[in-house]
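A, B, C and D are the chain letters, set down in written order, and residue numbers restart from 1 in every chain.
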Amino acid sequence: MSTLGVLGHLSKLETQARKRKEAPPQQSGLEELKATVEALVIQRDQLKAEIKANESVQKLRSEDPDQSTGGGEELGEGADGSDGSVNSQLLQLMARHAQLTDLLHAHHLIGGYDIIKTCQGNGLCVSLATSYEGVYLERYSLEIDVAPKLRITRHDVPTFVPLARLAEQGGALQTNLRGFLGSLSRHLNGYAGRKQQLKLVKEQHKSVEVMESNAPCSILILLMTVPQVKDIAVLCKLDYTDHTHCLPEEVTIQSEDKDLLETTQWKNNCTLLKETPLHKALATLIQSGDIK
Amino acid sequence: MAATLIPPDFDSSSSTDSSSSNRGITRSLRVAEIARRKTKAEDPIVAALKYFSKVQAGTPVQGNEELERNLVSVETVAYSKGLSPEAISVMLEFAMSLRMGTSPCARVLKFLLPSTVVPHQAVVRAVVWLCVGKLPITTQVLFIKWVLTVFDMIDAKDNLRAIYGFIFSFVTEENLCPYICHLLYLLTRKECVRLFRVRKLLELQSKLGKQPFLLHLLSLYKVFCPELVTLSLNSRIRAGFKNHHGPWKLALNAIQKRNFVQVSSDLPLALQTKEKAGLRKRKLGQMDLPVLNVVVQSQKQTSYNKMVVPLAHIQSFVQLLENLHLIELPAQMGSLLGSGLALHYLDCVQDESAFLRLNFWLGHALNEEFLFCGHGGASQGSDEVVRFLERLLSTQHFLQEGFSSVEAFLYKFLNVWDGSLLRPQILGLLSNIPVVPSSCINRLLSEPLMQLFFTSTVFFKCGLIESLNGMLAKWLTWHSVYALEDGLDVSLDSPTSMHMSRSGFMQSVVELVRFVGRLASLGLQLEGCHSLLLSFVLDFYDTVCDIFQKYGLPLVVMIPAGVFYPALFAFDPVSVDRLAQIMYRYKMNLTSAKKQEKLTGQAFHISRQTYREFNHYLVFMVNCLWNSKIFQPGDDIELSEELLLRSRVPQYWASFNLIHHPAFHCYAIDFHHKCWPERRDVDLNSIQNSKTWGWYLEYLFTQGFDGLQQFIQSSISFHPSTTDSQDHRP
Amino acid sequence: MDDLKRRLLQRIIRTMPTQMLKTTLSKWARLNIEQQESLDFTQPKFLLTDQLLALCGESGLGVKHITELEMIYIIDNPNQRLWHAYQLLEAGDDAHSVEVTNFKEQFKVHLTELIRHVSIKIKKHTDEAVWIRIAWGDRSSRPNHLKPTYVVHHLQTPYVFVTNLTSKTMPLLSQALVMATRYSSMKDANLSGRNLSAVRDLLMKQFQQVFPSKHLQPLGKKNQINSNPQIEREQDEQSETRLQIACEAFGGGTLPELQKAIYTLETKLKDNTNKIMTEREQPFRCVVTFKSTNILESLRHSAMTGIASTPVTPMLSSISQKGRNHFLITDKGPGPQRKL
Amino acid sequence: MSLLRPLSKLPDLNAANVLLVENEEHFQQKLADVMVNEKSVIVQVRLAKSLPLPMKQEKSRPRIDLVVFIVNLMSELSLHSAEASLKHLAPGYFLGKVCFMVTNARNASVPAERMEAVRKLASALNCPLLFAEDQTPDGVTNAAERLLVILRVAAGCVPMTTALFLSNLTRCTISTEAEQQNSDYDA
């Protein structure tokens, strides 16, 4: 540094100056803290207000459900009695909104679809929700060209779902879109259900080993052990031939000692496996001590 | 384990060995046997070398496990600790002879990393194989690159020079040409320069166009025998040879770093060399070849006795003087920067070729490393670079002159500089730039610098002023040293060898001073008369005001109003004091100039205008500080009467005299307390009366305002309240 | 025979990175513990190979065991080779009920019917994929274990992934597969890449696709920036929409890694003045190849940053939407839909 | 087609607003983060990929005191988009309220003619042309500070000077003939 004393010092000075700019003085830090406190207070008040609003909205709706389903107006005068201020109107609006969202929810549950116009109206985007036992699972979407004829341009439906076949069946796609979507969503729900069951089984019943399964979860082979004097291994094959269902069409059980399978109890078990969702069925089996 | 291969007597014997590495190989086998017997365990590399030395021609390569295995073992050694000279010669022989076809050849070349030294005879043989001409062109290029990389590690370069002709013959080879030229550039000696070679090169140039590599080689030839090379060559050739470090550079550095310690430790070297070596290593981390070559060569020194002494072996000034006439410069001229001795050498023998090569090397390094760094400048600011630049700076200070290549680099770099990258170093280099013709100053310096100056922080502004101040000082010193007695024509026999008429020089100086004047006035205005900046500006004018007396250049350039008034009305007394000092010096210079003019009837070019300006300033200053007569009609600063009255400042005319001037106000009050400790109310005007006024001055002078003292004593005769600035009029 | 063993082992060991050797060998589980202990993985590979061979000799392991080792290694890191995708067409009615065991035997039977000298190894991997290793022989010669073909198939899906398959053996394989999976035919899916999982995800739509929807999912760009109130991004909407469009075209989240996208243009010169060129039989071909470590990422990014103009041309977007990276563009009809 | 006008709005007290235009939007972010730390004036930074700016923020947008075009010499596109954006500035801006900032100027792989093109552009518009090291934090800080120097003047926060005055001192002067002179000076 000896060669460039002054210049070196100058750049040192500069860096110091920068540092000073970087690090704000103490009291400003204090101010920051104060500011944050204020912000938090404000936030809290907002939250409180929201809670209050929500409560009152609930009240409004619970007051006269039949009226509220009717629409805003009746609900409006229904509430006008209390206080006709802006606030109350707002509350009514909120009530209405909540109610509409509930309707939307119901609409989904009874198998409605979200349909959106795309690319200036000459395209549709349909999205189908899947659910199992009231749990929402994946959404699948289709993009459909409207003109000249309906054509599926793009989708994220799993490959093993016979989309093309469904579309063709009696020109379902062209003539009755609703039917097409219906069958498609049945397929999807079936798949989602089976997958969910499998997942649950893997989570809940460690003792039962899943020997084999495939992409559409249409074939499951389970290895169960029957607690006897000595454990007996039981192979159980579930075959979901109808992909729209989440219950197996046929259940075959194999084991080294045949007479076990002949027992009525195990016959019942088979029917049980046929009629109840897999994880539940297994749960009951385990409870009854037929398997561990 | 490679080390075990070098028998103690190898070096001496090798020197007598007439470059037939067959014998070298057989011996290597013997050695291998010995080594084997010594170390019971079968040493894979020994076996490998044995294999490579005796493998038959035409042995299949595909699926040849043995080959694979041996290659691997040698490779590992090479990358871990480098190959012994033995191994090098064996492998090189194996590769270049294409005994097993071309496929292993390139791979072998890639891991030929010497641990200590490359035996020259191996290289010679390799070149022979090159002449056989069976090698594919890519491999040839690879080989030459390799030679360039390890050049300084080749023990005896003379044997290479012996086959200069053969190497030269490859110049015609299109793809090889650049690399060959580089190699030749490193090898060339005066005796190598022949007319037919020059012809060849010129012919090539006419074919390939003005290729830098050809130009460089030619320029070197020209230096050695100007009579042969007639064409005029551009003194500053843009880009030099590219760095052909190929795949080896990093690996080599790594190995060097690893080996350096233990190798150097067991060598009886003078401390100075070693430390210098260390310096070079640190300094030129990524742009110089490793230190070891120095070490090794000095080890060899005894072995072959030739008439030149590598500079690396000179260890004392005495030695330097003794064999001054037969110094051999290293291939990497950059290494010269490291050692004081080398610089002494450069300084005393104004060896043009040395300077040319050094300049070439520098320009090359600078361009490669900073100006056009491939990787978006990731290397910037790295310690290596900083150290390198600082080394360069200290060298320039040592030689008291800048290198032309550095200058050229700066002119380019300023055009893309962001103003903060390596600022101290760059500004330092800037201040070393030799005199620039006044016609070019504006373009080369003003334009890039203006833009940087006005858009950057005050710190940059200060730095730039400082460095320009340094530049001016250097120019003036340079002039005062090299000016010939007759004083009319300045000529300098420095490598830059620039001749410029005195008037030309003066123009350049005036140009520079004017430029800084502009920067200073506007800078002060923009920064609100920042006192730090002001002080740097005043530094500059400290230099300017003394040009005539201190440097004997008949030139006086006045301080511009943009600096004068801010300094005069500054809040800190120091600035005012320094201004006074500067005015005093101006006065001295002008008066002495006048005297000289009277003495020798010879007419100076100091115009009346200058005197007039000076007197104008002087009068104003005196009126303001002393006579408390400010805002007179005709001053630079005029305010209308009623405006001043409206401002309700009591006796505004006195508000900038030595008592009320904001810079001295506190002193006045302090003085007042000292004079009349009992007085409650402070009435500064009571200082006005002549007696106390005198005391007050005394008091001020004791406070260390020497500038003020000199100024007042010189330009005001001591009858208070009467000035005589008249007698300065010419 | 022994020579084959040696060469096979050598090749496997050489391809395997040293740090993987230990784990893979233990997975292989053909050597008992102390044998595995005895191995020294620091020594050069050619030495290790010798040692292994000796051990194999001890415990009488033959070529087929060694091929097992290879298979294990390949299954664990399949990304060293180039995988081609094929599509099975027209599923039979019982296609969905095929399961591993009968697939295995069916495949073996059919293939061995078609060609005598062939050695087949089938392994069910944990992720429901069936891995098949086929060493092809010849009418006269024995199966060549040094150039095996690997086939990966997920049951009940119409896709098959194959690596180093020759045109000679292609029909054999396709026939065997078709019969074993109860499909009627198999065709090239025009998709290939070094990363098996990527190729699979692309075809099976197992990457996140983005669709236009009412409630825009937060694409997580805006919220991370705009930390400071003093900094205002003027064109957030544009960038948001660009991002949306890019994601709709190429998919969201992390995209499957493809290395190439190849477009081949075939066109004929139509110029009445120039008879010769116009009547030229074979068309002019122009091949454009995009290369990247992850071509989809690159394309999406360039669409996002506006380097590529939006809306994205179907040429590019159909890489992810149609799941193919070889396109033949001919004169008639719009581009990328043409088959190769 | 809305021109951005320098004087269409009233300035705020002791506030300076800068608009950073960069095609690939990363250096502008880095710059902005440093610039807002400035204490002496309240700096508002607006970031844009290109001009024109969307109309809908027209109301909320304060008066822009300085427009900075960031050009990455490594990409042709970056230069082109800057050129295209220039059209959408009212001529008033070119009286000292526009400047160019160039990155990667020292990179070997930058074609010389692109560099020349930028110089020509800047000098034709009488705008300053700043070079920046965007790789290192120091480089970024320095670049930001230099922009602030210009910005403070352009926003009228520095007494005794104006944007036009400063730009007269700092504007890029064409250096093509300089180059060629340089070479023959060398010779």
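Methods note: a residue touches a chain if its C-beta (ideal position, glycine included) is under 8 Å from a C-beta of that chain, and two chains touch if they have at least 3 such contacts.
All figures in this text were calculated on a predicted structure; none of them were measured in a lab.
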Chain pair with the most C-beta contacts: B-D
Separation of mean Cα positions, chain D and chain B [Å, integer]: 33
Whole-Å separation of chain centres (CA-atom averages), chain B against chain C: 58
Interchain centroid distance [CA atoms averaged], chain A/chain B, Å: 70
Chain D, residues touching no fewer than two other chains: 141
Contacts with 2+ other chains: residues of chain B: 457
Residues within chain A bordering two or more other chains: none
Arrangement of touching chains [line / ring / star / complete / other]: complete
Sites on chain D touched by chain A in the complex: 37-39, 141
Of chain D, residues touching chain C in the complex: 19, 23-25, 29, 32-33, 36, 42-50, 53-54, 57, 61, 77
Complex interface listing, chain C residues touching chain D: 225, 228, 230-235, 237-239, 305-307
Interfacial residue positions of chain B with respect to chain C in the complex: 65, 68-69, 72-73
Complex interface listing, chain C residues touching chain B: 10, 44, 46
